[in-house]
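For reference, chains read A, B, C and D in written order, and residue numbers begin at 1 within each chain.
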Amino acid sequence: MTSRTSSLTATNLSMRFGGVDVFSDISFAVRTGHVTGCIGPNGAGKSTLVNVICGVYCPVGGQVFLDERLLTGASTVEIVRRGVSRSFQDVRIFPTLTALENVQAAMPTRHGEEVYSFLFGYQASERTNRAVAMGLLDELSLADVAGRTAQDLPFGQQKLIALARTIATGAQFLLLDEPAAGVELDLIPRITALVQRLAQQEQRGILLIEHNVDVIRAVAEDAFVLQGGRVIAHGGCQQVLNDERVIKEYLGRIYDA
Amino acid sequence: MGSIQTLAIGLGMAGYYALVAVGFGLIFATLRIFHVAHGTVFVTGGYVFFFLHRLYGFDLATSAAIAVACAAILGVAIDRVIYIPIMRRGGGMFAVFIASLGVALIFDALYLVLTKGVLAIARTDSLQIWNVGAIALRQYDMAMVVLVLVIFLLLYLWLHRTRTGLEIRALTDNEMLAGTVGMNVDRTRNSIFLIASAMAGLAGVLTAYDNGINPDSGNRTLFIAVVAVILGGVRNLLAGTLLGSVALGIITAFAMFLYPEWVTFCIFAMMIVLILFRPKGLFG
Amino acid sequence: MSRLAGIRAHASARISLFASLAMLGLAASATTALAQAAKGEPVKIGVTYPLSGPQGAWGQLLLPAIEISVAQRNEAGGINGRPIQIVVEDTKGTPDGGVSSMRKLVQVDGVPAILTIFTNVVSAQIPLARQFQVPIISPVEAPGLVTNTQYAFAHSPLPSRTVPIVGEVWKKQNVKRIFAFYPNTPIVKFLSPIVKGEAEKLGATYDEALFKLGDSDFRGLITRAKDFGPDAIFIMGHGTPDEGAIMKQIRELGIQTPLYGGCACITVKSYREAAGKAADGLIYGGFKYDRAAAAKLIDAYRARMGFDPDYASLEAYDMINMIADSAAKNGVSGSAIREGLANLKGFKSIGGGLVDMNDNQTVISVGLYKVIDAGKPEFQEITP
Amino acid sequence: MEHLLFIGNLICVWIIFSLGANLVIGYTGMMAMGQAAYLGVGAYTAAGLNIFFGVDFFTASLAGAVVAAVVAVLTFLPLLRLDGFYFALATLGLNFVFFDLFHNLAPRVEGSEGLYGLEMPYIISRPVGLFIAILGATILCVAICWRLDRSPFGRALRATRDKPEALQSLGKDPRKFQISVWALGGAFSGLAGAIYAATLFYIDPTLFTLNTSIAVLVFIGVGGLASIPGSILGPVVLVAFTEGLRFIGLPSTLTAPIQSALYGLLLVLLMMFRRQGLVGNYDFKD
């Protein structure tokens, strides 16, 4: 990454669909080298939050900043170019591409990807991209399915490919929408290890949206809890997870169930 | 003077468009099927009528009744034999659309072989006209306008006073129901295709009696009907289609009057502009 | 009836197709020329006519006349003892169909000459005729179309001769406003200036409208004419039923203006039927022929079809004999037949009289006619 | 023999046209129903330049491809925001609009009733020379598509087709790829049109109707979507079949309807039983 930024900040974000508030007054910050967790029940507005940050929807109130620069209002593509990329809860993998191609398609290089450059002169950058993509897949134990068409793979593996794809964009900030949901249990440690490595070694800032509290507990330093469209707790991860209100409103229900 | 005469002609043409368009709109609004073969159903009505009346000497009423029945059966058959199996095999709206084009091609070819593509006019005599000042009104057109209005009234009653009508309106309002193939929807589906195709068949009969049809007439009329439906708005089926058809009839007649070489151009340019700026329709 | 005739023509074409398919497998198209040299081997003549589409009805009425012509010629000894065999291809009346069927006839069947029809088809075939060195002959009525090329010939009365005699009627009746209908095809390029010129000569106001072949409702277009308030309406095109339908719709819009035409298309059954009663009173300039001289065609045609042949059938009858005469004199290759056609002198037309080829175009006699009853049909020659 | 070369030329024209359409429909998943319009633009441009301005044929063909690409992009930009049926319908409407343009400009334009005096360089003025040149152009087009298929650009096109919004979330604008491929498809169609004009020696608006657009849909539908072998196989099989109909002694009145009915039947059967075609890699999008 060329531009070094240090934080992605949301201030007083509000979103409304057809007169119904999805969330209101949400503020948080994601810093490079850190993982921020976001938990909350279904329908709490987590995915909408990601969509708002990424420019899919325009918030009815509040702003998102990348350091000092305003991000709100820019197009999705522009936002990714500035260094904020996201994954989808419902995967949205490219079904007819192979696992490897899925990851390669996300690489930011433009060599051979234009209508005037596809004939020649992209071999070197393709080789590099391929190596990087293979490395990512390897890290997620997907090296042996790299050549298989994505739609033929089980859901869990698709999810991991989508994760690899998001990482491959090279964005400084990653918004991961439930990366561990639907993934086989024995793969979860690999995901947490990867997320930790991204934060610590590559100095990326990660917003980790998860249902699985254990995952949050394992990797996140900070966390906030979204409930009924509001942040009900915010702070250090341990502190938040031990918050009485959180346990009562949210965690309690999970543990009960 | 020419403009009033053109207006009268346009209103007459609107009758045919309305009959084809309302059926197409009904199928599109309820089942999300882009039924290109609706044009085929239209010419089938016309050809059956033409063959029975002109070649086999049946009287007008019998030929017309058989023709409308054939068109109605063909419409239902296309749905049951082609559309439903495709949807059962996981084909989407585009698959049905393309298959529908295929059906239209097959029938075009059939009528081309049967008629060599020569214009089929079911009447031999001239039509009676009334001269009102310098304006010539054909009695046939006026009778047809009345007929179309009566049919639309009946359609209104059918959609608002019967159980099937209620189900159809539910389909129009709920996109989730549409496109599903299930036991409950099947009967409603049949009624939709039956009624829509019968109306297209009737339009075919009327056209074949009036100025005649050739194998191309189906597609031409269908695309005009599509524009009429888009113009009127899919959501607003009866009133919208009627208004859309009237508008289109007048526009086509005027295009023919003012820029005769550019009629097709006008219709399709208008369609593109509509799709771009008012996909929900002018009146929707 | 007419369909049966078509099938018969194809049955003979089929045999030759199999033969040529076999040859195609062996090699080159040159072999067809060798095969024809054998004694008694038929001489093939290609026919590219519309058998479907807007002009298909007419094409199917013309085929029997060609077959009668071929049969009578063969009885009379054919081409130096060799029978004539026609190979028919459907052009659908489109340039596209014209070119592909001509390619097939020349390159697969190896025909040395082709009978064809309609300006738009002929226009597209002319470059091909030059390339293949295969003469095409047609009753096109487009002035100048065939004169600038070596391999295309026409045998018909030109509108440059028929329209002026209609113009004399206009002059006599002191016509001041003329409205014309043409199809929206390249034929307008030839026709429009002639009629316009005629109007200018009279000092009459002139306007025109182009209709689309294959349309069926022309009323919007006709309203233009109504608005113009003409005292003469002129209709001419490819002789498709569309023109008849326009006549009918003119009357159904309450226009009682006299109708005029520049060809004898009303003698064509499909055209006449489309017009119905509306064509009664139509005045046209067209091919003038002697019924007694044409009896051997008219009687044979009547016996087969149940009604009289139209003027273009007579022209087609002539054209078969023109090709046969040229081939008999110069040989059966394309260039030999072309040579013969180009220098044709004193050819005895079925319509009576002798015609010469002048600049690739024959000059045949024209007359002025009035339709008394289109239903019967009954036509009367008149003088302006 | 000459006739076989002619059929070979026709097949080449349809292969180039199919490759272009397959880039748009198969690789990028855009339901283009009016590709014949660009075929016409290419044909008219090349023929017009050659006949009226004396431009040599190779340059004129290239110009045909370029103009078709430009026209394609200009007509595509307003349609960018449409999706599904409305996009298909709009492109279909474009076909009619262009047909009327060709048709109405034709009657009074000198040479419109046939390409008189299309000037060919000596080397391709003979049937064999022409065939070799056309075959060469076809091989070049196949090679370009083959490179494209394996390039990052091809991958991006397939990604655009599969999940445009996901591609967007990866920082790449799917619209850019759609416009690019539409231009490329237009260029292929335009080149095919120029070659078509050279093959037939004349052009006429009736060559560029909706039927031609549907024919290419059948070609790639039968051959296979998003597949180069499919784009070649479709035209080869279908043109050989329909031209073969002429040789089995079928009356020529029946060849056109049989071809049309066959195409219709193939469309129906394909949609029912094999939506990806013979060797295709992709289904018709929902």
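In the analysis below, a residue touches a chain if its C-beta (ideal position, glycine included) is under 8 Å from a C-beta of that chain, and two chains touch if they have at least 3 such contacts.
Everything quoted here is computed from the prediction, not taken from an experiment.
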item	value
Chains in simultaneous contact with chain A and chain C	D
By mean Cα position, the chain sitting nearest the middle	D
Far-end chain from chain D, centres as C-alpha averages	A
Approximate Å spacing (C-alpha centroids) for the pair chain A, chain B	51
Computed distance of Cα centres, chain D from chain B, in Å	31
Approximate Å spacing (C-alpha centroids) for the pair chain C, chain D	35
Separation of mean Cα positions, chain D and chain A [Å, integer]	42
Multi-chain contact residues (two or more partners), chain C	51-52, 92, 184, 210
Junction residues of chain B, two or more chains touched	112, 116, 261
Shared-contact residues (touching 2 or more other chains) in chain A	none
Chain contact topology (line, ring, star, complete or other)	other
Chain pairs in mutual contact under the definition given at the outset	A-D, B-C, B-D, C-D
List of chain B residues in touch with chain C within their complex	1-2, 5-6, 9-10, 13, 112, 116-119, 121, 124-127, 129, 131, 134-136, 138, 207, 210-214, 216-217, 252-257, 260-261, 263
Chain D residues touching chain C - in the complex, by the definition given at the top	1-4, 6, 103-104, 106-108, 112-118, 200-202, 204, 206-207, 246-249, 251-253, 255-257
Chain D-touching residues of chain A, taken from the complex the two chains share	54, 56, 76-77, 80-81, 85-88, 92-97, 101-102, 104-106, 108-109, 111-115, 117-119, 122, 126, 165-166, 168-169, 171
Contacting residues of chain B [partner chain D, same complex]	34, 82, 85-86, 89, 91-99, 101-110, 112-113, 116, 219, 223, 226, 261-262, 264-265, 267-269, 271-272, 275-276, 279
Chain C to chain D touching residues, read off their complex	6-7, 10, 13-15, 17-18, 21, 24, 27-29, 51-52, 88-90, 92, 94-97, 99, 101, 103-104, 107-108, 119-120, 123-128, 131, 184-189, 210
